[in-house]
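Two complexes follow with chain A in common, the first pairing it with chain B and the second with chain C.
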Partner chain A sequence: MKDHQCKNNSKPVNRVADDNLRVIQSILHETSDLKSRRITYQESAGMIIYLESIADTEKIQQSVIEPLNRAMDKAQPVEQVITNTELSLIEELHKGVGKLLNGSCLLTLDGMSSMYAVNVTNQLTRTPEEPSNEKVVRGSHEGFVDSLTQNLGLIRKRLENENLVIKQYVMGQTSNTKLAVVYMDDLVNKEVLAEIFRRIEGISVDMAFSPGYLEEFLENKTLSPFPQMLPTERPDRTMAHLLDGRVAVLSEGSATALILPVTFLSFFQSPDDFNSRVLSGSFFRMLRMVSFLVAMTLPAVYIAIIGFHFEILPNELILPVKASLEGIPFPPIIEAFVMVFTIELIREAGVRLPTPIGQTIGIVGGLVIGDAVVSAGFISNVMVIVIAVTAVASYTVPTYEMGSSIRILTFPLMIAASLLGFLGIVMGLIVILLHLCKLESLGTPYFSPFAPLNVSGLKDAVIRFPLWKMNSRAMDALPQNRRQHNSKGWKRK
Partner chain B sequence: MKTSEMKKKWFLLGTLIMFIVLLTGCWDQRLIKESRLILAAGLDLEANGKILDTVVYPVVNKGSNAVSMIRSVVVSSTGVTTRDARFNLDKKVSQMFDASRNRVFLFGEKLAKKDIYSSLDVIYRDPRGSVNAMVAVVKGSAKKSLEIQPQDSTLLDIYYPELLRSTSAIGLFEIETVQSICTLMFEEGNDFLLPYLRVNEKQQRAEVIGTAMFHHNKMTGTLTGKESTLLLLMNGVKQDYPRFTFKIADEKRVKERNYITILVNDIERKMKIDISPEQKVRVKLALEMDVNVNELPIDHLDSAAKANEFNKTLTKEMNALAKKTLAKIQKANCDELRIGKRIRSFHYADWKQMNWEKDYRNISIEPDIKITIIQHGIIN
Partner chain C sequence: MKLKKEDTITSFQFIFLIIQAQVGVGILSMPFSIYTEAGHDGWISVLIGGCVVQVLLILFWILMKRFPSMTLYEILDTTTGIFIGSIIKGLYFIYFVLVGSSILSLFAEMINIWILPLTPRWLLIVLMAGIGIYAVRGPVKFLARFYVFVSFMLIIFVLLVIYSFFEVDYLNILPIGQKGIMPIINGTEKALFSMLGFEMYFIVAPYVNSTSIKKLKSASISNAVVTIFYSFLTLICILFFGLNEFKLVPEPLLYMIKSFSFKVLERIDLLFLSLWIVSVATSYMAYLFAASRGLMSYSKKNKEHTPFVLYAAIPSVLISLIPEGVYKIGEFTTFVTYLSYIFVFGLPVMLLLLSLLTHRKEKQQS
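Moving on to the complex of A and B:
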């Protein structure tokens, strides 16, 4: 682990314990949670200094004070007495402060030109609950928590492999947030890894409170509608991506791991696909692909049809559609915008509110507004159906980020459709497709395996093949080792 | 320096695209709610040679609680051509007409006998033309047929397509659309039939009474329902439920016991064309039918001998009907059986020697129909 960044010129540790306390107090601006306790060890007076808020007093008692008392009369050095696993000798006061902020306590003795730092961090833990925005039906129901060490532990627990490497960084000149980069050393592409390190080291921010915050500093195209890194709160998902040769970035105080580099398709994969049977897994994945297209294009297609090309409607459909549109005061584009805007309002209001009120908003917004707006004759009921289907479809995408990207993309397509009909939609889709093909996630192709085409990669694309058929790893992260071991074994003769 | 230039370029490009989209003024939007959808049209020839165009379009009356009532409105107008008549119509009706969803074209008999292509020409030229609209001929005037109010459906534009489709299923004709008859009107040795309707004003209904035979773009005669069903079978086309009723006995007491109704299950047709060196054409038309007895009050189908007797009677009746039908189509010069097309494809040297316009009437077509009863329903 890298040390805290030191802004001031560091001072050496004093030989008098009281002086050390005073200096540390001044560095920390007389913060109230800085506590100290006087002790005597082998006739030299000393002091234990710790931050009450993050140090565990129980641990101080057990691993520092008690051993010291027991060894009072023996001529043993402090290193042999203290039973804590992490003990370091510190010679500069600022390093000591850094340790203090990490949750260590400092032991300073008169007559010594250095201090001991003992790790007594208070583990404030949350039990690994299932993340509420990435639920699965079958399989693991564990999720990341807000503690970095515990999260790394959750990953280690799943990958008992000597090639799993964790590199820690400290980021944020003010917040000093701990950051961990996790990867499989034998799989990860070294150039991609070097690029990630280069970028992380190059970032200079005051505060780095979550990987989502980091995302913007790491990605190439911030203004692209498509997320280029996959945030996940699921350890099993993280593990699967690590085994594809990808890299996960975790940070202290956040339950989200950032997977990079990723492809467009990763956002449509869910652990459920692999937990359920091949046929149903493939079906649900196809359903999500279809819903992606529906969510993006359905309002635009509808606007194009009723504004330009109603001759493509089947005979039986044309009269109901015409009847529902009769007497609507707005042009289709305004109608669609009003409805989409309403649904986004309901969604935004529902997210922020506590669950019981959120449901009320859903009912009031969905049922009352939807019904009243039609019977008042402001919006046609076909438009309400179209926008409702679009909204539902956009929420089937297993990652929230991609869902919101899709909803944003509907707007330019709707405008294009209202100006030029199907021609406009085609032009809009061409632009989106061009952008997808051109987009890179840390130097790897984003739209793989479609562009560039990788036939064996298609086994895990729109449909998922049986696991024992997937003998080559996904190529989009450019892993070192192409082969992956999946075979039924017993079926071979 | 370079990036600012790039930015400038992109900004210019973006503005240019916005200008192209927003300022050209060629926003060719046509909203469905601002269009009068023509869903059925009828064309007649007036006594003074003008075209009478009658159209049916739906009008939606929106109630207070979003329940809408749809009803059909009929208007007609005259003009020197079809399009001229339509323009005159547009002057009378609010909103713009849109014929791209037209489902049915009805031709008055008078116009059909003169020329149907000239009236359809406008549809072939229009990229949004409703080329998949069905075509039919009405005995009398097409305007009258659009003014009836059948009880089956309040909307005529639903009534007519459904009527034609169901009649086609019992084997009277194959559904022809504006598109499908287009090439047939110009092809040598390949003609077509169109449904032939009659308006029953007392019952406020239209009724298919047979088919109208066409030669090129003119109607040249009519066939009854029975004749057209058989002609279709002789042409090798079997629709879902082709039925025939024949008289097989002459009993006085209960007249109904004199008849048999059969449903054709399966057919096998073979056509052989012999051309002598003097271009004498002999067409042998072998048709085997497997039939299902639908109705036979006198019965006795349990005995094989009796069944064979029925087979013979039916074969005889059917051959007689076939001869009558073939004579009719030859007289009308309607080559529905596509004999001319076959000669053109397989005997081109002879074809060049012939004048099909005249020779068709004089060729000999010999039908040879065999009927076998294979089913008699679930009673014995």
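Moving on to the complex of A and C:
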């Protein structure tokens, strides 16, 4: 357990069971869920101590009390009597308290200078459901749950391999949250792994309630608009990333696995790409890339055209655009800001509300405001179209984090476009691109395989090659073993 | 595979670094300035210019082979001694800053003429310099990654220009060599000025993690690409405009592209200019890097150029604000290009001779 507890409570176990209970009670500040039950085993009085809230009383009864009663007359040591799989002998009280908080029950007997800790954790589980923010059309519909052991089980079930390693950490000075680092030992880059361990060990926080909370402590550039680690609730996605030589971090009480190091492209991949046929998979992926560009630049381009470069439109287009602008009191940048702001309002309101009300908000916000604002003559028709397309495009990105960072990036581009037209957009894009080239996720290039250019990596970038063509792993995580076994064995003679 | 901690780039990235340093602000007016000297044989001048650059690159390579892990600045220190070395280093720093500021002022002028006539020049210059500062701070490998990525745009460049093949008149290049040899040689001079940027070989070559001969190969490939690209552009402009019209168009590429119109986009020259801005930015970044790397060589403690970028960028911005109007900027640019005779052609050759005569070499670590 943690150091600060050792300092206060490093007392040896008492020979009298009642004294032990009293000390433990005082350590836990007389908490109400601390329960005890007196027992007698082979003429010595004893006590079973447990925390009612996390211990499973059924398990205590089955694996501790019943075997003890049955073996009352035989002269057997306790180790042989108790049928539970996890049993440990404890010499010091503070360790016992640590076990207690983990969900074990303590068995203390008069005349013994140590106690037994038996694992009787109450597994509070829910059934694996499909994560609502990472739905797929075909393929696995399982998602992570809130229990760490069950999540690790979900990964193990998919990767029956002796190289899958799980390293546990305890995180959070106060919360003592369990954290698991999962990787494939024969694939992961040892230097990256060592760096991850170094960073995890260096973090000191009071509370670590989810991997997403840790993300800020682990990443290099917190102020970057781009997420540098991929949170996912899908075990199949986690598995695929582990097989690319990446590392997953899971924590107790959270249904999210954090995958690192990742690239920019990982946020645009979906298991659906690989479940569907090559052509449609590639098409949808290209659609997402295009929608990324559209979501980021479309309002800016429109503002630039309206404000500076009307002449770029062909004659046939000028008339309808000009007609819709007639009588609009605001400059295009204000129009755009009002509309983007409204859409963000609707989104933020809809996210937190229960589904039926959320739909109402969508209808009121989308239809009523959109329609009324145009007929009132505040906002031009074309602007409503532009902003609506932008909003829809920003939601096609399969990960929520990337979608929100795109939406944040539209604002500086819109301002730049309103000041300098196309020049502003190009300058803004240069800065964003430079930032992407400079960004590293744990020392590995973030914008790979585009920069640094990696031709074999491009097979799984904008389009997806057939699986049997992808014979090398993604290079960005610098895996130990480049070759990947994908072949149509039957096609060779 | 190893995590790359040290700041090196690959020879593949080196190709694009030099291409992007060479292709820059001058590309819009290059065909015109060559045409004024060489007439409709300008494309031959460009090819000859490419050969001259190749010879120079080989000379550079011989020099750099003797000092594999040194940039120009460290070579100066070793061959000419600390005192003279630091004076010449200072001159080189000034030269790179001057080239940087000529890029900035040409850029601002072109934007004022073509896109934003009312935007103040200083704003454009400061913004571009800001981008340059952001780019150059940090390891060279990040810069190289960016250069490789934006090189995709050169392909779009070429595609836009190729479209004009539908409207050219092939008879315009005939008769070849009508005016004789001298105009072609004069045109070569102009072509060489547009190809400047290959002197980055001196600064960047030590960062390339590769053998010396491979570095030469990379530089030669980039020279070949740029030469072919430039002569292609010149040729197409000659074919498109013909003798009489060419005299009226100082930015022939833009005028040519402006004349096309597609169903969706009416003015493609705006798109073309947007791509051109990226090329301008990359060559400015290259010179900014060269200048700040020069400042770094004065400092004994610092092993990174990042803290010096600002000191290189500020003078380039200030100098670029001085010349106003097309003619002043033209004079300034011509002055800077003539300086390159000394710094790109003269001094390196002298250095090579000096190091050959004195048998100075970098001490091999073994």
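The rule we apply is simple: the second predicted complex is superposed on the first by the 485 of 493 C-alpha atoms of A that agree within 3 Å, B and C clash if a C-alpha of one lies under 4 Å from a C-alpha of the other, contacts with A are read in each partner's own complex, and residues count from 1 in each chain.
Following the convention adopted for this analysis, contacts are C-beta pairs under 8 Å (C-beta built on N, C-alpha and C of every residue); 3 or more make two chains touch, one makes a residue touch a chain.
Predicted model, so just to flag it, every value in this text is computed and none were measured.
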Larger contact residue set on chain A - chain B or chain C: C
Partner chain in contact with A:Val165 - chain B first, chain C second, else both or neither: neither
Touched partner set for A:Phe450, first chain B, second chain C, both or neither: second
Touched partner set for A:Asn381, first chain B, second chain C, both or neither: first
Touching partner for A:Phe308 - first (chain B), second (chain C), both, neither: both
Partner chain in contact with A:Pro479 - chain B first, chain C second, else both or neither: second
Which of chain B and chain C A:Leu434 touches, first, second, both or neither: second
Touching partner for A:Glu326 - first (chain B), second (chain C), both, neither: first
Contacts of A:Leu467 with chain B and chain C, given as first, second, both or neither: neither
Shared chain A contacts, counted only where both chain B and chain C touch the same residue: 308, 311, 313, 315, 420-421
Residue numbers on chain A that touch chain C, as the complex places them: 189, 191-192, 195, 308-309, 311-315, 420-423, 425-427, 430-431, 433-434, 437-438, 443-445, 447, 450-453, 475, 478-480, 482
Touching residues (chain side chain C, partner chain A) in the complex: 1-3, 5, 10, 12-13, 111, 115-116, 119, 124, 127-128, 131, 134-135, 138, 141-146, 148-150, 261-267, 270, 273-274, 277-278, 281
Residue ranges of chain A touching chain B (in the complex, touch as defined): 305-308, 310-311, 313, 315, 318-319, 321-328, 331-332, 374-375, 377, 381, 418-421
Complex contacts: residues of chain B adjacent to chain A: 21, 27-33, 35, 37, 58, 60, 62, 65-66, 68, 70, 100-101, 103, 128, 130, 155, 161
